[in-house]
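Note sheet for the following structure.
Should a chain be cited, it is by its letter among A, B and C, assigned in written order, with residues numbered from 1 in that chain.
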């Protein structure tokens, strides 16, 4: 596998590299889903350095490391606990931790932190979310899930639903889809949280067809993927009526399910609250828990890639 | 060993299963107390998912897993840190975590949580305390300690002392003792925190002899076991005088020790505050630290049972 | 290696023992800095019991254990989470945890805690800082770094700079330097945070030459080591002007660097804030990040010593 020193953002991956990662993830899925384990990382230590909590992301990386036989040193609240509270720079912290481990998974509250860390680190940095910035491993597992579920990424139509203005995952997924052929995107959201112009410009430049829609019902029967996201109350400020209306409108329930094609899937980066009803969970098209599981296999592939094993 | 998928409550264990667990715990004690370790769990990952802190319980499970050569992914404050704070249901969290590990030890603040979790989990759930509900592994280690110290569980008399109304451990231990022969229980407590009627009815139904007593002195020379518990101030509301009196009366000190039989033991689920004086600690009948150590061996046995190893 | 049951304070180490530890640390550095790992501790469990957070110290011990193939059970906020909040004594906690692990690394907010813990523990206690008391493993890694960088500890001159009254590391390092020959110490600090009399008396007794200085510039060209420390604002109370002045005066920058001898080094226990400017970092004499890395090797040596492996 080719050597990629740090994983900082979605843009750094070209199609060839993505295929290589997905191939390793496929192998990992086949092997580890049978309950097997390896110890190819018995000599490796992962440091998870989380300046804001994200239990799921942290545990999935730590589980990936354990599946590979590696060790983990962990902090789940570095902001409060670490020397950061005494005024130490992130760069100093990274320099020190990089003497204790072989790879760092970094979660930080400031955009650009992962990039800053990678400049001074002696060991690979994996960005596990840097504030409003990027969360590339989530974008990769989203894309992998499309491929894993549908057998292809080219030639798909996808509805992205909910908070498209602020959703980090939607933005990163758009960047990655821009590398594929014959993609059609429907952006379905309340007006106040529509997809931003920079993404539209990027898609136009990469000849990705997209359309903005108000109605989920209107697109449900047209798409291969519904990518649902959580609408956050705080984005609506005083306009609580608009919020309530938005939440009520963009819900995936049995009605939407009945409209959807047989071979289509529903995805969600999770956690979900009410935007997908539990009545949908047992339908085979509900792919969001399989998507979460894929996070394990994609992270195994990424750890192997940055550590050349 | 027989397969028990989840460990949810004390009632699920019959006498045969208890004997089987205790036999495995005996072997674990013999083996591990010599400083030996195995790696029979080298392919297994334990997730400890704690929605409220319980350092001792968490560390004893994690130590059990380490003794068996397994890996641990851990969260000690899931309530504050996890997606729960964003409104995710426990069921969703469990579905996701169960893709990352082979067994989940769950501590939760709501009664019934472990049962709820077990319904959706693909991997075994071990209840490490669900609010006012149950804490079955504590009850099992209590019962194991009686057997380990006295050589039997049938034909014993036991004084349960302190907060009998609210003490989860006392209630669970009563359920388990109901399965044995010729047990006599003395309930010793202030009036306000007496044992509740449901337990009395259960004991009557299972032909367990019991008596309520005001005086610890009056029963100390009659029993094989004193099971002491902490009296919690908050149970007394405004009646601080009653609280102070209760604390002062139900204390195990040298005077009580002098009354006790030579072959009797003192147990306590710990932590203790002032209800057992340090002067008692060095007496061979003070079994509470051995009881805590037994927690390790019983949890090793339970992990082996649910994972069929 | 000789058996040292507990590591409580700097005074317990004589010169012979220090040499033995440094020899093991040398071997660890040679071996582990090449990316190798051992599993000589595959049967050992480390419990890190931290009553106040110290992410760096905790992670360096946990990394040391991982390098040796051992397991870790960890708590990074024992004060808030553990039974301590219910009134349990440290002694009780230690007795219980010592049944779950093979060695305890203890960080506590009260001076004397490590000593108290060692009295009741069945397994080795390593003091990772006990409030205003000691932090012996930091002192050992400081001394090791001097030896590692300069090739000797005898016959050196060292400037200790910054908060000399409150700095635990400076005090401990003085104790250890007292065991060596022909040491000269310059204490450079604002008047309000001068080195205390007990240390001066100790140095006089051990025939260590020392002098108090106001000016860092005046000593920079004389010394083999500048040991810089952070000046804490809260020590100055209302005298904010004095604080600002002190911070401005005792800064290591290119000007100081230009005064320093070619073979001299700059040390700092870290975290640093503004007392060493980033412009200094790339100079080969800037030894503070190598010093932090040495913490790993010294802690590996100490774990091996207390566990006789």
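By definition in this document, a contact is a pair of C-beta atoms (placed from the backbone, for glycine too) under 8 Å apart; a residue touches a chain by one contact, two chains touch by 3 or more.
In this text the structure is predicted, and so the values were computed from the model without any measurement.
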For the two copies chain C and chain A, is the contact made of the same residues on each side, with over half of the numbers shared, or of different residues? different
Superposition of chain A upon chain B: rotation angle, C-alpha, nearest 5 degrees: 120
Determine the centre-to-centre distance between chain A and chain C, using the mean Cα coordinates as centres, and give it in whole Å. 41
Find every residue in chain B that makes contact with two or more other chains and list them. 74, 77
Which of the residues in chain C end up touching chain B in this complex? 42-43, 45, 47, 71, 73-75, 77-78, 80-83, 86-88, 92-93, 95-97, 99-102
Would you tell me which residues of chain C are touching chain A in their complex? 35-37, 39, 53-56, 58-60, 62-63, 66-67, 72, 74, 76-77, 230, 270-273, 289, 292-293, 296
